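In the two complexes below, chain A is the common chain; its partner is chain B in one and chain C in the other.
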Partner chain A sequence: MAAKVNKKRRSAVQSVVCPLIFGIALIAAWQTGLLHIVLNTDEYVLPYPTRIITIIGENSDKIMTNVWASVQVAVLGLIFGSLLGYLIAIFATVFPKYGSGGLTIVSAFNAIPIVALAPVIINWTKDVSSEAEVRSAVAKVIVVTVVSMASMSVNAYRGLTELPPFSDDLMKTYAAGRLTEFVKLRLPNSVPYIFTALRVSVPGSVISALVSEYFAEYITGVGRQIRENILIAQYSTAWAYIVTACIIGIVMYAVLMVIEAIVLKKRR
Partner chain B sequence: MKFSGKTLAAVIAAAMIVSTFSACGSSGSGSSTTTTAAQAETTTTTAAAAESTEFVTTEGAETAAASDGDRIIAAAQAGKVGNWGLGNEYEILALLTKYGQENRFLSQAFDMDGFDDDSITLASAMTYNELGLVQNSYEGGYGYGDSVGIIDMNNEGVAMLEDNLFCTKAFAEANPNTVKAFISASMKGWKYACENPEEAAQIVFEAGSSVSSDHQAYMASEVKKLVETDTNGSTVTDYGKMDEAAMQQTLDLAKQYISLDDSTAAEKLQALTLDDIRSTAYWTDAIAGSFDAPEKTDVSIQLKWLPQAQFMGYFVAKAKGYYDEVGLNVTIVSGGGDIGETTAVNNGTVDFGVTWVSNLISANAGGMDLLEIAQVYQRSGLVLVYKK
Partner chain C sequence: MNVERIKNAEIMLDNVGMTYDAADGKKVQALTSVTMDIQKGEFISLLGPSGCGKTTLLRIIADLLQPTSGKVLIGGETPKEARLKRKYGMVFQSAVLYDWRTVIKNIELPLEIIHEGKAERRERAVKMLDLVGLSEFANHYPRQLSGGMQQRVGIARALALQPEILLMDEPFSALDEFTREKLHIDLLKIWRKTNKTIIFVTHNISESVFLSDRVCVLSPHPGRLSAVIDIDLPRPRTMEIRDTPEFTALVAKVRNSFEGV
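Coming up: the complex of A and B.
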């Protein structure tokens, strides 16, 4: 018993304290200029953390407007993509003959680089609305949808088909119909796989939202601000938005972890 | 198996359409409130707009100028003015302000498809590049010919100077003779290129062109006009000279329309004077031919864009051996996309660079120490193009 607690404590030390020390050391090296020497760069391209934080503080309103634009796109795209991906997985499970081929096509979508996909979809959605703000948002959401669809469909398909040994046979001995088997066995079995998919697609949705902003007609979002500021050589401001982008990604991932903990705990 | 793919593709397509519409619905309802807000603002700005149109007519401009004003106002109200952004937008912002419009524009791609499909009715174009693609019907052109009209930034009084030649202050101080020799040979190249634009276009094309030889020839003939005419339309014979008034106008507009989130940089921008961004001394000596052997002989120049006649002077100077004559071995580094020429020069990757004066101003405001040493383009090459 004591050994177990000890082990637990050690893993807590490893997973929390070590990264924390590393993070603090990194920021300290950054602030003192040591990092600049190591990376052979200047405080111009890599501004000090204090300067970045000052800029974030001074422009919190403008940054929040851009954050909201990016988060909306990422979350909407994530929801649509995940729902679509799950529907495709169900389709593939119900019609296994056609399903495997279909899944291959969907996973092929995942291989399309966002930088290639975004301009195409932005041109494709020009007739959606006369308002540039709306059609740009639609285009960006579709990019995120396509990106998040693939990981969900592949993982959910595994969850729907890779069942515990003999569970399928057990259902058959109960004379369960296909629908009952699906609802009582396959759907619950797929839940952990949904979270596996989301662990990939949540960061993916943030990245694809930011990149698609580069190409959108309507100028908004954290990603677009990074590009604008780097091109007019405002690295400190660009870094403020880079840090903001990191925070968005981390917060969304943390929210997912909390939801996962709650949902999977209930199951046990 | 073939069938399965098709069915699935259909399902995906159907699902995508559903998602598109639902996305429409959700974001549409969000933006409807902003539309009404914009409309309310519109009514207030129309009054101001009417005033500024009057201002143009009373100034004695022809009716054409007044209708240009109407065009700008109509396109701005419809939200269909296009520009690439990314530091190319300041003249457009100044123009919109002049006509009492909100400082908003659509992000224009690096092709003219948005203009072609009417999602942008007033599109930004460089006289020597996009305008040629819109008007001409050679490879890559849209073939609009005379059915399009232009609004010229020079005539509107919002011109900002573009392609210059710059290096870091430290480099210029450490290698004054290299800088002077480089200016001297480059300006000789520009002179020859402007006298023989067709040959210059061919030289650029052979040096690794990004566009067709027809477009290259068009570009050379248009660039010649920008190099040899100032913002008032007068002829310039001193290649690369820094016109005090035009430089000052560029700096003044830059201070008004470059908005920087970094308060330190924003304060520095407002404090900049012409002496912080350019030095005429090197150019004066270079043209007079008073310089010694260069301190550094292997030098490089970073272009702002892909190799094209926009930079023909440098390609000609290299091909004609003008750089060799002054003892320089020059490497021309092409730009394009998101390459930041100011950053490349500032961190020493290259020695010289070509950028727009406004970009040099924002770079110096952000903490770089760059110095313009020659101003190649004497007037703005930016126009807004519209379908008649």
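Coming up: the complex of A and C.
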């Protein structure tokens, strides 16, 4: 027992304290200009952390508007993609004949780079609305949906089909129907796999939302602001958006971790 | 087949055989012409080394496998009919508890499947848990229990539907000697209280002698029933019976009945 606690404590040190020290050291090097010497750059291209924070403070209203635009796209796409991916996994489980082939196609989508996917989808959706804001939003949500769908369908399929040994025999000895087996065994068995998928697709949804903004017709979102500000050589403002983008990703991942810890608490 | 036999036997096996198609196109005889009757309330062991077809035979009785030859009747019905009437309770090599359910919820699972009311479900599950002596662990999760306790929950769950026949597939093989011996005593107590027909698959000779009314010895290559040995030790059996010369003699008799191992 003592050894176990000790081990836990050591892994906490490794997973929290070490990265923290590394982060603080990096920021210290950055603020003191040491990082600029190492990277052979200047404070114009790479502004000091304090300067970036000041800019975030000064532009907080505008930044929040863009954060809201990006988060909406990421979350909506994540929800649609995950639901669609799970439905595909259910279909593949119920109809194994078509299922495995379908899953291969879906996971092939995952291999398409977002920079290739985004322009195509933006081109497809140019007639869905007369307003540029709406049709751009639709296109971006579809990009995120496609990206999120792939990881959910593959992982959920594993959760629905890779059952613990004898657990399906048990259902059979109780003369349980297919629906009962699905609801009482396969669905609950797939829950941890849903989180495995989300660990990939939550960061993926943020990245694909930001990248698809680059190609969108309507200018909005954190990703697009990074690009726009670099184009006009406003590096400090661009950096403010880069930091904001990091925070979005980290916060969404942290929210996922909290939900996962609550939902899977009893299983581990 | 004579009518008298059908009437008396709870489980009747008539020339049951099982042939698998191996990967290289050859036929593998897992089981050849097993014929035997099992009476209501009997405790039967299927004993043999790996590859003797004992688990195959159990799964045929449970309707989890279809025999390629011969016939099985359960109280005059096919195994499938018996399974659909939920005459079987099955205990597997591992406890097969659903880790997202508490202990009591695991025992309630079969009762949920037959759409038993909530109150009745709980009442029955509590009773079963009491039978295996784990009442205080009702709201624990499976991972919080030891292997022996998990297997006891598995037994309680198998009994929840009050099946006529309890099928046990090497249920204690993963447990340590001390836990196993304790569970032997517990299982015999449960058997006496509930009066089930039990078919117990094992590769442990002394386990089969200690528990059974009859030990069915299966030999491998091909899997066949090579002997049926009556165990006429008195009941109720206690730990001490293992130290008697009668017990030792029966173990030797069983061991000597294997062919070609």
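Everything below uses one rule, namely that the second predicted complex is superposed on the first by the 265 of 268 C-alpha atoms of A that agree within 3 Å, B and C clash if a C-alpha of one lies under 4 Å from a C-alpha of the other, contacts with A are read in each partner's own complex, and residues count from 1 in each chain.
The definition used in the following text is that a contact is a pair of C-beta atoms (placed from the backbone, for glycine too) under 8 Å apart; a residue touches a chain by one contact, two chains touch by 3 or more.
This one's a predicted model, so the numbers in the text were calculated from it and none came from an experiment.
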item	value
First (chain B), second (chain C), both or neither touched by A:Pro164	second
Chain B versus chain C as contact partner of A:Ala240, first or second or both or neither	first
First, second, both or neither for A:Val202, with chain B first and chain C second	neither
Residue contacts on chain A - larger count, chain B or chain C	B
Partner chain in contact with A:Val211 - chain B first, chain C second, else both or neither	neither
Which of chain B and chain C A:Leu185 touches, first, second, both or neither	second
First (chain B), second (chain C), both or neither touched by A:Arg267	second
List of chain A residues in touch with chain C within their complex	164-167, 169-176, 180, 184-185, 188, 191, 266-268
Interfacial residue positions of chain C with respect to chain A in the complex	62-64, 83-86, 88-90, 92-94, 96, 98-100, 109-110, 112-114, 141, 143, 161, 167
Chain A-touching residues of chain B, taken from the complex the two chains share	1, 3-5, 7-9, 11-12, 15-16, 19-20, 22-24, 26-28, 31, 34-35, 79, 85-87, 105-109, 113-114, 117, 119, 258, 260-265, 338, 340, 342-343, 346-347, 359, 362-363, 366-368
Chain A - residues contacting chain B, complex	41-42, 44-45, 51, 54-55, 58-59, 62, 72, 76, 80, 84, 87-88, 91, 95, 97-99, 101-102, 105-106, 119, 123, 125-126, 128-129, 131-134, 137-138, 141-142, 145, 215-219, 227-237, 240
